[in-house]
Each structure stands twice: as C-alpha cells, then as structure tokens.
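One structure is given below, encoded as structure tokens.
Chain lettering (A, B and C) follows the sequence in which the chains are written, and residue indices restart at 1 in each chain.
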C-alpha cells in the first residue's frame, strides 16, 4: 500500500477577525524532539502587531458596549467550541511536547476556565462597585470600566494560563492581543479559529505567534496599547516592558504560574470611574 | 453716609483678613523617628510666600542619607510597633490626629494659604475640613480591613514612600497617609519643596497625638529627595501625586523592582455643556472647575465644550460671573482667586498664554487688578482654540480655560476623549439618559454630572490612561495599601 | 440669542448662595451695606390686629429710624393693608417715605378679579404709591398662564402711576423652575417689582429663591433693557442676612440695582437689628433690645 502524502497546514495569525499570513512572510516550524518538522506557523512582525492594535480599538468599543450577559454567552460559546475541538488542540499540545494525558487535561482545564470566566462577565462589577456615602447632597457611585486594548504576552507552554489570560481580559470588556511564543504557537493559532466562531466583534481578539521578545517590546512601546498582561516572562524582558510601558502609563500585570485570584485578575485591567450627581427637588 | 453707601455699591469689599495668629518657625528640620533633625549634609532651602515673594521660612534639604534614616525608622516602627497593633488601636491614633486637625483647623488654613497662595476661603472650607474627614474616614476602616476583602487574606506592604504636590499640601498628605496607616503601613512622606508648612505642622500634631516614633516620617526636599525616597530599596510601596512627566519617570524607575505603585497624575478635563443644561449652575460649575485653587488642580475642567445653540448666551453669563471674582490677598476672606503657587509655575502659565496670543487666539482676561508683588494670573478664557493648540492639549495648571463648541453629543465625546489624559470630566444636561450615556463614554476616572470639583473621603478618585493608576478615597482606596493573597 | 428659561438645579443654587454668605463684609463696607439696607426697607405690618395707632407708630419709625442718630436715612416705604393706607399716607405725606398697600385679596388672592381690581383702585385713591399684589396661584398651577398674566395686566392698569410689585408666593410654587417661570410671566405682564412672598406662609424669602428671581431679572434686562425691581419678603430678620442679600444683588445684577427704586426688603423686625448693628459701629457697644422702640 502506497503511503499517503499528508496535506500540511501552515497555521496563520488571527488579526481583525481574519487569518492573514504574516505581513513579513516569515514562518517557523514546530519540530519534534528528534528534529522532525511537525507543523508550520506564521511569525508575526511588528507591523502585524500594529495592524492588530489598530483593529482592536474598534473591536473593543463594540465588545465593551455589548451587554455583560451577551459577553458571557460568547465566552461560553468559546468553551463549547474548545470542547468540540479538544482533540485537535490536544494533539497540537503534543506537538509542543506534552504527553497525551496532560495535553488532554490542559484542554479540559482551559474549557472549564472559559466557563468560569463566562460566569464572571456580569458579576465582577457588582463585587467591585460602590455607592459612596458622601457628606453632600450628591449621589455618587463607582463602577469598573475596561481599560481598553491589552496585550497578553505568553512565553510559556501553559495552555490553561493562556486561555485564562484571554478570558479574563475579554470578560471585562477589553480587547486582547495575544502574543504567543513558539512553545504554544500551534495551539494558540487553533484558539484563533475558536474565537472566530464565537461571535466576538472583529478585532477584539488577536493572536500573534512569533518572537515573544520582539513583539512584546513592540506592544510595550505602542502608544495605543493600554495594558500588558505578562505571563512567565523572563525578568529582564519584564523590566524592559515596564520601562517602555511607563511612557504611556500602561496598566501592567505580570504573573509566572501559581494560583491567582480570578476576580483580581479581571480587575487588574479595569479602571474605576466615580460619578457624581446632585440630589435635589 | 452717602459715601459709605457708595463704597458698598461700587467699591471692592473692604479688607477682611483672617487674623488667626500662626507660628512659622525660622527653620524646619526633617521629622524622622518622632523628632526633628537637621539634614545630614546640612543643606536647606528657602520657602516663600507666593502672594508677596517674601521669605517665610527655610527647610532642611533631605539627602540620600536622610532618606535612608527615615526609611530605616519607618521599617523599625513597622516591624516593632505598628504592624503588631490591633486595627482598633491604629484607628484610635488616626481618630486622634483627625480631631487635632479639626481643633487646629483655622491655624492650618492660614498656614496653607500663606504657603500656597490659595484663598483662605478654600483652605478653610475645603482643604482642612476634607483632610480631617479623610483621617476620620480611614480611622474607621483600621479595624475592618478584613471586611473589605471578602475571601482574601490581607497584610500591609510595610514601608510606604509617598511624594505629594504643592497644590493641596495638607489634603494630599491626608489622602496618602490616612489609608496607608489604617491598613497598617508606616510611611515616609515628602511634601513639595514649595509648600512644606502644613506638613511640618502635621508632624507636630503627630507628636501631639502620641504616634509611636517612626510610624510617620516627613522629610522636606526637592526632586532629588523624592527620587531617593521612591528608589530606596527599603520602601515597599510607592505612592505619588504630581505631574505626568514625573509619574512616568517613577514608573520607569521602578521597572524590575516588583515594587507596587499608585500614581495620581495630570489631567485636561473636558467640561461639556449641553443646551438643555441648568445654565447658571453650569456657569458656576465651570467657574469652580477652572478657577478653584487658581486652576492648580489636576482634575480641573480646563477644556470647556459648549453646545452651539447656547454658546453666546453661555459665554455672556460666564464672563459676567468671572467679572465678580475677587483676586488678591489669599488671607482675605473675600478672595476668590489667590496667587500662583510658585515662580516656575508662573513662568509656565505665562508661556502658554504668550504662545496662544502669538497664534492669534482670542485670549480674554477678567478685569481684576493685579497686585504689585507676588505671582498672579487673572482668570483667563481662550475662545475657539483649535484642538491642535498646546493650550488645548497640555495641562496648563493655571486659571486658564480653553473654550470650544460642539454640535452633537458624539462630537462632544470625541473631543472630550481626544487627549492622553483621563482624570476627570464634566457634563451638564437636564436629560437623565444622556448623563449616563455621555458619562460612560467619557474616558475618565471621575465624572461630575451637573456639578464639578466635588471631593469626599468616601468617593474614589484617580485617573484613566496617562492620568494615573490606582484610586484614593473610599473602599477602593484601601486596595492600594494591602497585599492580598489566598486565604488559609 | 436668549432663551426663555433653562432648568434649574437646586443643589447648585444652594451652593451658589453659600458663596454669597461666605463674603465677609467688614468696616466701611458693612456700614454702607447697613445704611443701604435701611433705605430699602418696606417696613411692614400686615396683621388682623393692626390699628391706626400702630400704623402711625410704624410711620414714625420709618421717618426717624433711631432718634439717637438723626443722620440716619429714612426707610423706603411703609407697607400696610388697604384699610390703613389713608392713615399711613397722612402720616408720611411729604416725608419721602412711600406708602405701599397689599391688594388683590392678599394674602390668598381668593376673590373675583373684579373685586381685586376694585381694591387696587381703592388703595391708589387712598394714597398708596405702591401696590403689592398676589398672583393667582390656582390659575398658575392649573397651567392657565394667560389668565395669570391678564390679571397682572389689569391690576397694572388699575395702578395708574403707582408701582406694582407682584408677589409670587414662592413657598407655594413647589420648585425653583416654577419660581423662574412665574418671575418671567410677571415681568412680561408688566410688574415693576417681583416679590417672593406674602410673609404669611413658610418658607418665605430664601436666598435660593431670591437668586433665581434675580437671575430672571438679569436675563429680562439683557433681553429687553428694562430694569425690574426685586423684593424678598418674610423671614429676613437679621442685618447679617440683609447683607447677604445685598451681596447677592451686587454680584448678580450689579451696583445699578442697589437702590430703593430697584430693591426692597419686606420686613419688620429686620429694622431694629440693622439699627443695633449701626449703633454698635457708632459706639463700639452692643445694645440692649429695649434701647430701640418696638412697634
């Protein structure tokens, strides 16, 4: 029996609701431990990041104006899609070096994380808002609002962490530009397809695979990026991001594994707005 | 008799100076570990009264060695005393301090006006009572911190390094100190070099209140002292209020240290007046929004956006009202507009106005007489300034209002948000649904609807975008002063 | 350019009035203000128990406020019920103190229009130079604005040469917007003065209500060039309060309005407090209440 030649796919970027190849034309291979090429993915350039940011602000405006209820529906839809595509993601995780069982478990955990954050969309506001008993005849309340376009920079192979980062940002009405290194490139690219079929407004979610350090600095220096979520970054990169991000006073959150509090994670990229109004006849 | 009546009718109000006697020492040392010390290097800096240009006093200039000493004192106080006190006891110290501020309120108000040039009416009715209220509010939180963070374990950071500006010296000290102390932190506070008087008076009250030594340390000095404090490795948490430029430098400097920070920075707030607004009250809001404290207010409503249909009517009312503002001696109870706080700021404001005039912009000023000595700027309105003008884009931090018109709500919101700042905003309209729509569309941390420049210890304050990170005031203000972790 | 009226925010109005109260009026400003307030007084007695004797006493006080200080100015007018007009007019003839009469079924206004107009004519014939009428609140609240305006126009016609002060009875109007609406209506219909209250119901004059009415007067002046007068009445008892009102008039309308032709206080006990303050300024000593006559 003649061996069938497989049709290899090059995994593409996810920008503005579309799947472009990198503007630079660069691609990279995920290799097996013994050096066999497993899958190809596009390497995003700084210009891809620029495009993603430009499209994200429009997407974010739409996304944040949708009802929290609908945002929950869409995150839950993403969970359904990921559950459906679990086998595909799990095999991608195996290309990234995971064993079959942990890969499977990681996808399951990610699905559950999406479900978890789907439930937060219309609750974190209530747990972080206040009516402020001021001493003058005014009604004063404080509510959280999304800070805008946030770049998620993921340098690890923590699939659940990657999905959790996306979910916490989207949950709060932010746009998320995920910058993912080679250690999760293929799995991240598949996530793009999942988000694409979940009714997110175009641009709200972008996935850029490639050189983490280069893209991270492009995001940190981009004046229209409002926040950065760093996951498992090298301390030196973290420091450089912080230095660059100071130029526009970006909101920053750096994590490296470990248990975090989901509510605090959501609120890390929310800004509180206090509104005053007189009370009179 | 007729003459007396004429004086009342047409003249200015007779002088009504606040006469509460105050003590200003010839020289102030650094308040470290419960006592006043000379700076290690022995340096000092003169402090002047901006309304007269006269020298008020001089302060010791803290250097790195002094900062180190202060941080060390705060560390010892944190470890040995303050962190071991039950919240209830910490609260009682804060209550004491609040009470002392109330009891010395007139004296503190006079000191504040002498030092800053702000009208005594403001220091007496706003700065000092609000400062006391902040201490009262957070005193009450000290034994209830756990309730504020349901499901989470909390502990104080340790030693706080706090740097505050010259526009509201006592009030900003209260905003910084009260929540930090309530949460169990000790602190080193550096007031602005132009305005140390009330902070020094506060140090005296701290002694009087019997705070354990080293819990509160107050050091005077300029930018270098501030940088040394913020960068000191023994400082566990940095809190800064001041210019966006310095705030960015602090955020940059803290990169890689893992040290948490809160920043309250500049602003360029838009104040939107819709044609269905309560117009005379809106005029009042605009006046308070930009001329309160000579416009030295980070959340000042420095950009006025008026809907086309009422523009001439609104401007007539506004200019009429500006004509009634009294400028002069900050210690006179009838003064509405005091002195510009310091020489560099005077220079900055003058530059903006000179540039606006060079650009051919319509710069209108009230007819107030300008005193001969000191730093003064008459209330100023720049009409029809283009969005690209520096006077529209940059924070002038003076009594200068840039005015534009708009036709639709969408256009107003777009103009309001067309800035890198996001501290505050104002909207005047009689339509409830529009208040919420416009209010949520404006990207700013404080939104005043049908009012402006209101402050309260229970109401969180802080910026979006480049106006800062973190909140001061209210329950949310506690979050900047504790480390949270999973319970158990 | 001018619109009839804008919404009014009561909290903002209250804040504004606090600014007037925060003005510190000292020394020569205070003396001038107190003397001015004296010249603006409508010294008032509007009791069922009023007698010609009491009215005569009041007139005496109006002409010579404080015998210990003969240099003091006289008050603007004495304000009485129609039945007392003749008595007051005789007492005050040639003194420069005006005679004001309330009319139009004061204080309720609950009478037929014909009788109201008749009453005004009677008062003018008896010697009143100023008529304080009440608006028809029933019609106002029922939305019959034209009827309210027509009554004012007819009363104005009946006044002839007499000045017309239109009492809005702001304590019954329910909101500051309605105060503004009534002010505009009264001015359009021919009022020479607008007046807050009858003094018979509470709240009477407040700084808030007066501010709104002053703003209406200012806008009317800007629109038409016509200066309308203002009279807060009822509840102003202290010299300090009076000074707050004068500060407000100065800052809202300007010094042109600081004269009895355009501003009056409707009050009775205010006068002695002003006189006590003036005595204090003259002698340096605080007075005993019985140092001054009580009418």
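A few points about this structure:
Note that in this section a residue touches a chain if its C-beta (ideal position, glycine included) is under 8 Å from a C-beta of that chain, and two chains touch if they have at least 3 such contacts.
Values in this document were obtained by computation on a predicted structure and should not be read as measured data.
The pair with more inter-chain C-beta contacts, choosing from B-C and A-C, is B-C. Among the chains in view, B has its Cα centre nearest the centre of the complete protein Cα set. Of all chains, the one whose mean C-alpha position sits at the greatest distance from that of chain A is C. The centroid of the Cα atoms in chain A and the matching centroid in chain B are 37 Å apart.
Distance between chain B and chain C, defined via averaged C-alpha coordinates, is recorded as 44 Å. The distance from the centre of chain A to the centre of chain C, each centre being the mean of the chain's C-alpha atoms, comes to 70 Å.
Contact of a single residue of chain A with at least two other chains is seen at positions 138, 278. Annotation for chain B: residues touching 2 or more other chains are 450-451.
Multi-chain contact residues of chain C (touching two or more other chains): 9, 11-12. Residues of chain C that touch chain B in their complex: 1-3, 6-9, 11-13, 15-16, 22-33, 35-36, 39, 71-73, 215, 222, 246, 250-251, 255, 258. Within the complex formed with chain C, the chain A residues making contact are 137-138, 278-281. Those residues of chain C that touch chain A in the shared complex are 9-12, 14, 175-176.
Within the complex formed with chain B, the chain A residues making contact are 128, 130, 132-136, 138, 140, 142, 145, 147, 226, 235-236, 238-243, 245-249, 251, 259, 261, 264, 271-278. For chain B in complex with chain C, the touching residues are 1, 3-11, 13-16, 121, 125, 276-282, 284-285, 310, 312-313, 316, 324, 332-334, 430, 450-451.
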